[in-house]
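Common to both upcoming complexes is subunit A, partnered first by subunit B, then by subunit C.
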Partner chain A sequence: MAKVFIYPATSLILSDLVARYGHEPLGSALSIREHVQTPGFDSPPIQMTSEDPQKGLKWAAVEVPSGIRGRMALYGPLVEEAEAAIIIDEPDLAFGCMGCARTNELLVFMLREKDIPRLELRYPATKEEGVTFVAKIKQFLKDLEVKE
Partner chain B sequence: MKPYVPEYVGTVTKYVFVDSPNTTPQDIATAAYEIAQGVMIKETCFGCQITGSPEDVDRIVEHLRILDPYRIFIKDRGFPPGDSRRCRADLGGARPGYLGHEYEMSFIRYISHGLEETEGMNKTSLKKAAGEALPLEEPLDADVLEKLFSEEK
Partner chain C sequence: MSAKEQPVRIAQITCGAEYSGIQNEITSAAETVGAKMFYPDVALKDVKRAYKDFGLPVKSPDLKLAIARAQAIVEGRIEADGIFIASCFRCAEAAIVRNELRRYILENSKIPVVSYSFNERTGASTLLTRLEALSTIAKRRALMAREVQVGTTMGVDSGSSTTKCIIMQDNKIIGTGWRPTTDVLNSADEVIALALEESGLKISDIEATGSTGYGRFLVGKHIKADLIQEELTVNSKGAVYLANAQKGFATVIDIGGMDNKAISVNDGMPGSFTMGGICAGASGRFLEMTAKRLGVDITKLGALSMESDGGENVPMNSYCIVFGTQSLVNALAAGFKPADVAAAACHSVAQQVYEQQLQEVDIKEPVIMVGGSSLIQGLVRAMGRMLKTEIVVPPYSQYIGAVGGALISSGFVDKKVKEA
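== the complex of A and B ==
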């Protein structure tokens, strides 16, 4: 079983397919759960603490906006843990509530730089593309098993 | 600084989504309640949310998948149900979010079709199907761009 980072990190489809074919999806829910369930003196207003932008310095420089560093405090450890990645190219849903575009760019850049098996594709728009989409992911995940 | 005491430590929460003509969210919730054994189930308009120990949640999730394997989709959730930071009962109105789910649910039927079709495929046909190219967005033609610029004037 490999740890597969999914981008968009909140994707229902990718999360389900990775788990369905026997691997562990790494998405933002895991980091947020860790934050939400950790006791301390710093009360997170939403899910971030004031320490998070400092932790994010490991992945983004100090002149980078604190929002990006804060988000990287969530995604950075997951990317480091990842053994494979599935990336959707320019997903519409990744703009807006999921986070800022710059964090997404940094995230995809880090995944592309990392020496791990990677699958990049687009969301399907027809039934035929749906078959190709699922087949690509299934084949990719099966090949991961063989490599292990 | 106010001490933060988290609730439901050590639990996991999973969303269960269903988009099927044969299985309703109520069917899903009822099936989950039947084997809940103390696990928290929250019925929703799209399926349900399950909160409990990882083993219990996995047991229920495995059971639910069998009901309609190609049309039930499951993912993790960070917050437990009713968390005051996310629950709209505390926020005083509609909550932000679910936009991603809404977007993906708009074409989830293609994924269901893909799951159904690839299920019976042998190694060779799966490899062939996986080798098909997914169309990429056409880059903007330079001539069209030039035309657009000239229109601006």
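== the complex of A and C ==
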């Protein structure tokens, strides 16, 4: 079992595929759930406070917009935990919407910098490409298991 | 807000607010002024269509969503009384979207808009005046439409630097009071006493009162004001009234002691506005510092600055009051004359207001400058040169908030007469 960071981190399909092949998906659902379920916060809708952008300073400098630093406070720890990554380039909005393009650039860069198995795929445009797309993800996840 | 009154519904079109941890600040600022923020709901297909229609090729999905939300409101699919557009400070992509959406909404609807760039330290108090103005424009259109003052009314403007009072009777100013703000309530009492003395009236003669400025809530409660209203709407109303520009477009610029307001007005109603700069280097406070360093009274700074051609040759352009003061000291040490330095300080403030704020409102003539800083001729000249237009400084321009308060609160005289 490996911890696999999924990009887009909001993709339920990727999350499901990773879990289905016995690995742990690392995505937004985890870190946002932690925020939403932590009692005592009063900052709807995702309960982030102004301290989160300060935590984000670990991954992005002070001149980086606060929204990016706040997002990095959610994603940064997950990237550090990741043992593998699946990155989908230019995904459709419906596949998994990641709000900030600049955060996304930083995230993908951090994943590429990390010495972990990584699968990068272009978002499929046709049904045939879709079948190949899923098959490649499946193979990548199976190979991860073998290496373990 | 009375039990029957519905809250003003303000559509929130933001990118990054939740992740910057300031969402609660936005919500609570809105609640304080009797407004309710809501996210306009749009479907995925709307996002794809809107983003394509709008034609701005942004990468961030949250900005695509912002475009779709704005389009849904403009096309009437979602109803809103006001729109709050905001994004992270320092994000260039969001700044482009914010500006273009603001322009798009203003050109295609009559819904008031305020735009803002926040950081993680943005608090409810910073947002309060902006959301209060949005809510006031939406809620009090009838009151804001008042063009003539009736009866005997009083306006008190409790500003960050000075407190002002105006007494009006039958559309004429009959009493004025002005004092530096020290203790908020004492300063208010003093200016009221001065204005009453000048007018020859007693407080019991006053039929309605209005308060505005930073101390509006405290002073308003103290004098039992009929109207307690933020300075953006009050000042713009007072400005077009005094400048005799109540019909058509106008732009009101108020460079205050603590922050600045630039308001685009149409038929006396504020349309878009910006408030506050990045640093006090772009405020009246910098001119106070300059006067102090030059050893002249602030009231003499304007005349001194006019002895110079404009001071553009003095290196002084800082976004920070500390570095601005440093430039000032350096300029004096380099042998520039005090008049040139005074003019340079005026030029620097005008330039920063132009760069930081006037880009966000549509400049339409007449351009009216109000507030105490409008009495500094060098600043008015610098702003006129910057905007390439003749700036209008109406009589009583330093009392603008108090005049607006006296004018708008006279709406309560009619009401009291009817009730009686």
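Going forward, the second predicted complex is superposed on the first by the 136 of 148 C-alpha atoms of A that agree within 3 Å, B and C clash if a C-alpha of one lies under 4 Å from a C-alpha of the other, contacts with A are read in each partner's own complex, and residues count from 1 in each chain.
Heads up, the rule we're going with is that a residue touches a chain if its C-beta (ideal position, glycine included) is under 8 Å from a C-beta of that chain, and two chains touch if they have at least 3 such contacts.
All values reported here derive from a predicted model rather than from experimental measurement.
**Q** Applying the document's definition of touching, compare subunit B and subunit C: which contacts more of subunit A?
**A** B
**Q** Considering only the touch criterion stated at the top, classify A:Ala101 as touching first (subunit B), second (subunit C), both, or neither.
**A** Second partner only, subunit C.
**Q** Determine, under the contact definition given at the top, whether A:Arg69 touches first (subunit B), second (subunit C), both, or neither.
**A** In the superposition, A:Arg69 touches subunit C alone.
**Q** Given the touch rule stated above, what does A:Leu93 touch, subunit B (first), subunit C (second), both, or neither?
**A** both
**Q** After superposition on the shared chain, which partner residues are touched by A:Glu51: those of subunit B (first), subunit C (second), both, or neither?
**A** second
**Q** With the touch criterion stated at the top, can you tell me which subunit A residues are shared between the subunit B interface and the subunit C interface?
**A** Looking at subunit A, the two contact sets intersect at 42-46, 93, 97-98.
**Q** Spell out the residues on subunit A that touch subunit B in their complex, using ranges where they run on.
**A** 8, 10-13, 15-17, 19-20, 25, 27-33, 35-47, 89-90, 92-93, 96-98, 121-127, 129-136, 138-140, 142
**Q** What does subunit C use to touch subunit A in their complex?
**A** Against subunit A, subunit C makes touches at 15-24, 27, 44, 47-48, 58-65, 87-91, 93-94, 118-121.
**Q** What part of subunit B is in contact with subunit A in the complex they form?
**A** Residues 1-6, 8-13, 15, 17, 65, 73-80, 83, 85, 96-97, 99-101, 103-105, 107-115, 117-118, 121, 126-127, 129-130, 132-137 of subunit B touch subunit A in their complex.
**Q** What part of subunit A is in contact with subunit C in the complex they form?
**A** It is residues 42-46, 48-54, 63-71, 74, 93-94, 97-102, 104 of subunit A that touch subunit C.
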